[in-house]
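Note that chain A is present in both complexes that follow, paired respectively with chain B and with chain C.
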Partner chain A sequence: MSRILVAEDDPHILRLISMWLKRQGHDVQEARNGLSARDLLMAEPVDVLVSDVNMPGMDGLELIEAVAGEGCVQRGIVVLTNRWDHVSIRDQLAEWDVHVLPKPFSPSRLSELVESLTAAGTAESQTEA
Partner chain B sequence: MAQSKPAIFDEQLLRDLVGGLSLPGTPAALSVGIVGSATSAPQFPAHCLKACLNGDPTTATTQGCPFLIRALQNEAATDALQGGRCPKGFRAAVEQTLIGGLPAVLITLADDGAVEPSTAIGFDLLTQLDTATRLIRHVGGLVEENAGFAEEALQNYEQLNLLFDLIPRIAQVNDGRAIERLLLRRIARLLMIPGVCLVASDGARRWYESDGAAAGATGAGTDEGGVASIVHETRATRQVHVATVDDWQVLAGPLVRLDEQVDVVVAARQTDAEPFTSGDLMLLESVLAFGGQIISNAELQERLRDMSMQVARALVAAIDKKDHYTSGHSERVGLLTRITAEQLGIPGTEIQIMEWAGLLHDIGKIGIPEEILCKPGKLTPEEFDVIKKHPGMGYEILKPIASFELVVDGVLYHHEHPDGSGYPKGLTRDEIPMVARIIHVVDTFDALTSTRSYRQAFTMEKASEIIRAESGQRIDADVADAFFQAFDNYRCSEPEAFATAFLEHREAAHVES
Partner chain C sequence: MRLRRSLWAGVLPEGLGLCFVAVIFAGFAGAYLVAEHFWTEQSATVRQAEADTLAQIHAKMLGLVADKDEDAIQAVLGDLSDMPRVCAVRWTDPDGAARFEWPRRLGAVPGLDGAERDGELRPAAASVDIRTASGSAGTLRLELRPRNDANHHAYLIWNWGIAACLTLLVFAVVYRRLRRHLKPVAAIERNLHSYADGIEREFMTLMLSDSLGSIAQGWNRLIEELSSMKRELQNTAQSAQSQDVLARFESAGFRRVVDRLPFGILRVDASQSITYANASAAALLGRALDDVIGLPINDIIDDPTVTRALVGARSRATAGLSVDHTRTDGNEETTLRFRILPMAAKSPDSEALLTIEDIGQLRESQRARDEFLYHVTHELRTPLTNIHAYVETLTKPGFDDEQTRKECYNVIISETRRLSGLVENILSISQLEVGSARLDAGEVDLQRLIRQMVQDNLGAADEKRIDLTLALPPKVPKVSGDKQRLSVLLNNLIGNAIKYTPAEGKVQVKLDVTGQCIRIGVSDTGIGISPEDRQHVFDKFYRAASDSVQMVTGTGLGLAIAREVARLHGGEIHLESELGKGSTFTIELPLPSSDRTEVTGR
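Up next, the complex of A and B:
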């Protein structure tokens, strides 16, 4: 059971991801764009951030740049994206140890990933790259 | 869709809503209750709960309050009230009404005092409650629908990923049976069942377990009689079919293989589980269609390889038979080349090529006149020169065949010696390709241990001595060591095959046991 923030601008996909993760027993918060996600994360840290890339205002990459060094996300970051250049996104975020899953993502793969991130011993700051 | 839908709109919600219905400022003096709605348990007024029910609504029927009992039976209990008071003396107002579209009884009770327990107040609140509950039900319905779509989307995402993942896996495998295994295990996972059964065209059955974690009963109703009919239908029509067999629902699909043989893949779920959908049928059909193609291709390749090998074997056997004494020689050299190469740790794909080279090494003899080839006595220098042409002739014969590119070296150089005294080119050890060095050793051994037109066979021990004596000069020392080791291993591990290959062709030769 971990605290997860899901940032996704499409409300249906947001609901889908949220529902899936809640069913795995996690405590899930939702954010519809990068800015509100950042505000929520700054106010209260979470274990895992699951974020889309293409969002209005502040996109996923900018969000990660903004919060990754601040101790707001304590166990790991998963990026879900339908951008074709998802491989280069992984490279762009290399310094933050981010996992990238292309959409349509495999729900079972997502839960495995979240499990393995949260099972990794005691909480350590995500900045230790 | 799912077997237990989550309760979006439930009793607790109604209870919470009604519980909140009290007149502001005088919460204790007046209480409202609703009894008899079909969608929720009775919500008794706080007065009833305190005074008569001891806080336990389930005792309502046993407490004998006629007022409550009639309300529970959906009757306006007004005639159970004496002078507008309930049996306990609270002032009461009762009315039948509709809550969320269903009949219920509204009860309003008050202590003696300022507030009148008029049902008008209750109605007012109730109208709001009614509207609220209808709204909640509607939203609840939407939420459920939404959840339903989300559920389906998640399932589709999972299936897509499983399909995307399957294709590259299969592409890396060459063996027909191995592809069958990958394919069928993934199909079981896609269909979310513990496994599937393949009923082959010859009646053989193979069970494949899902490659994911699957719960549920195994060994689905694959008793003979039960599925025979659907298997037959599927095979005959080459289409997917669904049938009920005992308490299983059975889905069967055709897997068409080489020579139009049709295997049938059988999947089953218990009848009270999710029914097989059109999506499941389309999935099975398409995955089996492309899977069948891929398996057939792999098996065709295997078959062609076998055929080529058989043709080559027949050809060299024919050539060997020209000289009665060399019958079976090329087969033996092929085998010995293979085991020696294995002993030397050469990679598998190269071993196959070397075995071919061993098999074909003397193919050039087809161009040597029989008088010379089978001459009983010693050869003249001119006759020996003719014999020395056979590696080159073999090379010329095989060179045009593209797939034998790596084989020709073994054929051309199999009479070269490490000390440069061999033919046709007089290469020295490092210049001689490994395949040729191996063939030379095993060829020499087999020739020494066979009776020839010009001499008797040597014993295996004598032959080994002769070979060791030449190590470093006419025989590659490392290859010789590897050969002797491999030969002994083979003799011990496969005595029957050894006897057939190496002992039966000799005539009156003194052989060690």
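Up next, the complex of A and C:
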């Protein structure tokens, strides 16, 4: 079981992602905007961050800039975007190891991605052990 | 007669023929007067000679009578009878006895015919009494033949005829010389007439070297210049056409139009100087009109690309070549687009027209369009993402419990509705903005429409336990409008009020009729709108950045559509709001003029 934070302003998407990841047995936290997501991350680090880009207050990019270097996210970041320029978003976040999923996205593709990130982390930690 | 006419008409200028006729008549009259004068002079001389002769005879007779020399007297009287006008001579002594009588019988005067004798022309008679110291010696009587008129006439005709002939001769000589001299003038006149009649003919060069040579030379030079001008005009037909266009352009009316065009126009001559600029051009170049005309274009536009394009466009005759140039005026930047139109084909020396547009506005509208598209795709992707994700969820085996399935169906249905509403709104706002929307105008019962809209929103209000109330006056005049669009307007305002009002709040819809208009107010006790957001709340796709707004789904099109619909009905929409306390949107729709008095009277 991994700790996952989902930051998404659309309640339906947030509910759906949360539903899928919980079904896979993860501990899922929800945030409706960038600022509350940052506060949650600062309070307690997570394994994977799933974040939307367009969010009120603090957007996804600002959120990642703020938390990625702080060790708040340990295994990987998935960015969901419905902006045209998802390629440029990928470039902007090049220094952080992020996975970009353009919207509309497939929830099964997202859960596979999250699964691979958490599994890799688990494998690494097992090797380390 | 025809010959005479052509003789005159070809040679002499108009009016000169008449002068000649007058001169001839004057000549004849002069000749007559001269002849008459000579006749009178001659007659006087003859009369004087006769008087002198008589006086001499008288004196001689006195001497002879005194000497009593009868033979000498007879001889003198015989001489007397030889005088041309003397027709009778009689010498009688004091006793009355005839001493000498010639002719023998008085009355038979030679040279006088019967008519003259019996008529008025009786011979003149003169009697001279010859007296000596010893008394009267006798009487001498002479009868003179009257003056001969036939002679007089013959004399006049002869003399006058000679004078007339001389006059004619002089005239003929003058005419010949004049004719020679006037020939080139007549030719010029003929040519001018031909030219005036529009007859296409080559001007014949006159080869004359007489005393009027200078005129002919001048005329020849004139013709040569005219011919070369004609050739030049024919050779440069295109330039002539453009000259014509320019001439028309210069005419005041057309120029006034060009001066008022919303885009700039410059005319640049071969030496790159500006020969014309309209007011817009001067304004776009940031100068006064007098500060532009006559100056080289390099002085006005300090950009070598424009000058190069100007030269290039003229040598290649590339019509419509355009160059962008950014002009900096203090902190302000204006991007101008120059379009270059050469006036003649492939002629680097020709004039060129330049049009100037401010493409800042064009770029602004392009930016607005891009932004609109960006918002549209963004807004469309959100419901699409939801539908896509929830449909996929339904197909997965792990999510087949009843509650999840029900949740998925509900989301799919609501998001599909949202998607179609969104598409509807986008179409609506684009139609309204470009002005292609037409009002399906008819009589609208606002009272009924508002009731229906409130009714439709009761469900949403009940969900949030919001108190939705409606206040209507007893009588509401019908208005002219588009029922469908007015219902969208009301629905957007009431729907927004419910969406942005926290649970257990209040939303009030009320309608007032004032003298000039119908006022519909939608008030809520919702989150309110900050002063900054109030300025943009009617802009399309604008949504306040606050969390309380972002928590609520919305497209940012509802109020933009509401404002456009109100405008289309000749009305307005106002907003009063206080952050955290609530908002009131007021729509004012004009009343039909017939209803205004009725309401005012109430």
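Convention: the second predicted complex is superposed on the first by the 120 of 129 C-alpha atoms of A that agree within 3 Å, B and C clash if a C-alpha of one lies under 4 Å from a C-alpha of the other, contacts with A are read in each partner's own complex, and residues count from 1 in each chain.
In the analysis below, a contact is a pair of C-beta atoms (placed from the backbone, for glycine too) under 8 Å apart; a residue touches a chain by one contact, two chains touch by 3 or more.
Owing to the predicted nature of the structure, the values given are computational and were not obtained by experimental measurement.
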Inset, instruction - Scan A:3 for contacts with chain B and chain C and give back first, second, both or neither. - result: neither
Legend entry - First (chain B), second (chain C), both or neither touched by A:107: both
Inset, instruction - See if chain A has more residues touched by chain B or by chain C, and give me that chain. - result: C
Inset, instruction - Look at A:54 in the shared chain and tell me whether it touches chain B only, chain C only, both, or neither; answer first, second, both or neither. - result: second
Inset, instruction - Would you sort A:19 into first (chain B), second (chain C), both or neither based on which partner it touches? - result: both
Inset, instruction - Examine A:90 and indicate which partner it touches, taking first as chain B and second as chain C; both and neither are also allowed. - result: neither
Inset, instruction - Under the contact definition given at the top, report the residues of chain A touching chain B in one complex and chain C in the other. - result: 12, 15-16, 19-20, 104-108
Inset, instruction - Could you pull out which chain C residues touch chain A in their complex? - result: 374, 377-378, 381-382, 384-390, 392-393, 396, 398-399, 404, 407, 411, 415, 545-547, 549-551, 553
Inset, instruction - In the complex, go through chain A and note every residue touching chain C. - result: 9-10, 12-13, 15-16, 19-20, 23, 32-33, 54-57, 82-84, 103-108
Legend entry - Of chain B, residues touching chain A in the complex: 146-147, 149-150, 153-154, 156-158, 160-162, 212
Legend entry - Complex contacts: residues of chain A adjacent to chain B: 12, 15-16, 19-20, 104-109
